[in-house]
Amino acid sequence: MSKKVYSDAKAALDGLLHDGMTILAGGFGLCGIPEHMILAIRDSGVKDLTIASNNAGVDDFGLGLLLQTRQVKKMISSYVGENKTFEAQFLAGELELEFNPQGTLAERCRAGGAGIPAFYTKTGVGTIIAEGKETKEFDGETYVMERGLTGDLAIVKAWKGDTAGNVVFRKTARNFNAPMATAGKTCVVEVEDLVEPGQLDPDGIHLPSIYTHRIFQGQDFEKRIEFRTVSDG
Amino acid sequence: MAWTRDEMCARAAQELEDGFYVNLGIGMPTKVANFIPEDMDVNFQSENGMLGMGPFPTDNEVDADLINAGKQTITETPKSVYFDSAQSFAMIRGGHINMSILGALQVAENGDLANWMIPGKMVKGMGGAMDLVAGVKRVVILMDHNAKDGSAKLLKECNLPLTGAGVVDDIITELGLFTIGEGGVHIQELAPDVSVDEVRDRSEATIVTQ
Amino acid sequence: MSKKVYSDAKAALDGLLHDGMTILAGGFGLCGIPEHMILAIRDSGVKDLTIASNNAGVDDFGLGLLLQTRQVKKMISSYVGENKTFEAQFLAGELELEFNPQGTLAERCRAGGAGIPAFYTKTGVGTIIAEGKETKEFDGETYVMERGLTGDLAIVKAWKGDTAGNVVFRKTARNFNAPMATAGKTCVVEVEDLVEPGQLDPDGIHLPSIYTHRIFQGQDFEKRIEFRTVSDG
Amino acid sequence: MAWTRDEMCARAAQELEDGFYVNLGIGMPTKVANFIPEDMDVNFQSENGMLGMGPFPTDNEVDADLINAGKQTITETPKSVYFDSAQSFAMIRGGHINMSILGALQVAENGDLANWMIPGKMVKGMGGAMDLVAGVKRVVILMDHNAKDGSAKLLKECNLPLTGAGVVDDIITELGLFTIGEGGVHIQELAPDVSVDEVRDRSEATIVTQ
């Protein structure tokens, strides 16, 4: 029943990390990132990582931490602004970068998890994103073929999860966590609140247990805010 | 007299219709939300996974799990709904969003758009812009008519890497509202005291009058 | 605010029906079918319909009603057992039938709603389902290309909806309702319970309001059960 | 002495492992659920949109919104979760289900499966069977060794329309457990007092002994 439950990030990632692997990391900006697993991956020293993540964190938080330690060989992202470490390593030729349009990246993960090796999209047709890719006409319009994306490991942050592996996200922290969870050969989920089966509404679960191979409750989430914008109310 | 930035945003807001689902780009387009009539029901999509986006929170409403696509803290409204990134772009790519209002570096007279990359400078990435211009029903560009160095942004052809080919429907600048059409950029409306000649002088694109 | 709300099925479908149109109908068996709209479509007399629906109802309930009145020209389905009217009309050559594997039908609707004109799947490779369709190899395996599917109208049954068009399904009545809703040029939803915006959990909505063009609260749902199987407890 | 139907189901249940996610076909495969050890955690998927399927309801638990893929009323369990048909088959097609146990009309020695159509008779449709055999990690067929007229169902080649090409991993009949492998159908296990000759007599496929 609780064979999926681990005590912390280090235990949950034990045996899953190896040099040169591909990791799919949930989150958008710093919102909904698996912050405990990012720290555990840094501490493990695993290197030459290919990481698919919409963003690259900031210099001293999120995936930026793995850039500082030069554990990342390649990023697959849609937007990497807000990270000076990234800029420096990229301009020095120390980091590979594959830009995917945000929706194409999301759909590639969704497809990878759904057994769809390729799909067609209008996104990027006529731009450098379509260069070298197959195109095809449907009903008089040109589309570009994009491949499904899978990874050795998906690292996912959620709000609540049960010990069977059913998972619920909160507000815009859902983002890439759900599609990436489905595309990892192994998927590890860190939650703020781990509960018993039956405590989550079965109509309201965002990620069914079948995708969750390991799960743990993180302690003291920082949940850093990137741009705190407020009004006078 | 050219439009002010507020007037440009107000003019863009007039293009919205009751019941529209709209995605606003980062920067000036975001401010269009401030000019929507009270009695008009417009629903804002944020491509990181939300419909029914509300304004910035008060200090004690700030929630790290609730941000917009510009990574700014926001609030929810009674009509809000959250979804994941794959669903969000299914919505965008599938043509369900009525309008997107975006900034631009360059627009060509055939509707080509460049707004994500300047080779040689740091490349931040396209984010969701390529998906938006490819999928949204109507793409309106809100931008300064000229670059800071005075060069034209309304061109015969873009020389920066494209965000999308033939994707722009309309352009709003401080000089007026323009539509991509047969033969080039059609003037739909000019700001007060702006002449067709001024538009031609400050554009490289073929300017067509009605 | 309530411009999407209609009084009943007839009002909600007013102006949307025309001969020869394609309708996407949610439901699995008789579970979660838009029963009020099916009756209203029957009463409208519209004909030569192409209907995509996983099943064809039973003789005297669900889509079977539209077969009885011979309003259907073609069905796109994965399983049409349990309907003798269907059998008779099909064997008499009065009804066209396009079989889609169940998952392919669901994915075609999801793709149609998501702006994906075609995708590749292993399902059906080497069978008559793949005949006449393009195939392609990815990583040494053969896949068949399937097209996204859209319709003029999606008719959807849900549990709760708000007047803005946000919708929640209940248990296994969700089934094809969600993907089909996204693939209709117009989508009309019938709900058991219509509530005000703000009354549904924004993290628990299955169909965002953007897909719902019209909505109404149905009265006296029959919700017929196809096979009532019980245990002694 | 050939296995009874209960013994066949019990034998199939032995192939399950703790933590498995399993999809059971309609008919005899459904009964495999009755033979799972109490202490084994097996999660049943129903392709109409549910994981964690429970047994039939009592009379007053019956819920029209809660059925399995055979359209029978069922119940939920504490681990239950519901999803739509696209998500359900994303799970199936994506290889996330550990095992599917299905019936068959014919199985060929190369793993071809026919279980959805008999031309000339009424065609009901393949339902989710083509997706299941294409996507699930391991496909186990549970069937009578011969058709009612005594003809072989384990064949060199299927002559009925295929559900999938080369998709079957194992076959359980009243005569034993067989695996599709190099050179044909390999005998893994025989029911008590069943001989290799009997299997050969009652099959058309090439039967390989270990």
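Labels A, B, C and D are assigned to the chains in the order they are written; within every chain, residues are numbered from 1.
Just so it is clear, a contact is a pair of C-beta atoms (placed from the backbone, for glycine too) under 8 Å apart; a residue touches a chain by one contact, two chains touch by 3 or more.
Keep in mind that what you see is a predicted model, and the values were worked out from it rather than measured.
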item: Whole-Å gap separating chain A and chain D, where each centre is the average of the chain's CA atoms; value: 35
item: Distance between the centres, which are taken as Cα means, of chain D and chain B, whole angstrom; value: 54
item: Distance from chain C to chain A - Cα centre to Cα centre, in angstrom; value: 33
item: Overlap residues in chain D, where contacts from two or more other chains coincide; value: 76, 82-83, 89-90, 92-93, 135
item: Numbers and ranges of chain C residues touching at least 2 other chains; value: 107, 110, 114-116, 121-122, 169-171, 174, 202-203, 206
item: Chain contact topology (line, ring, star, complete or other); value: other
item: Chain pairs that touch, as defined at the top of this document; value: A-B, A-C, A-D, B-C, C-D
item: Partner chain D, residues of chain C touching it in the complex; value: 28-32, 54, 77-82, 87, 91, 97, 99, 101-107, 109-110, 121-129, 159, 169-179, 206, 223-233
item: Chain C residues touching chain B - in the complex, by the definition given at the top; value: 1, 3, 110, 112-116, 162, 164, 166, 182, 196-198, 202-203, 205, 208-211
item: Interfacial residue positions of chain A with respect to chain C in the complex; value: 107, 111, 114-122, 136, 138-139, 141, 143, 147, 168-171, 174, 201-204, 206
item: Complex contact set, residues of chain B against chain A; value: 46-50, 55-59, 61-68, 70-74, 76, 82-86, 88-90, 92-93, 112, 122-131, 134-135, 161-166
item: Complex interface listing, chain B residues touching chain C; value: 18-19, 21, 41, 43, 45, 51-52, 76, 78-83, 87, 89-97, 135
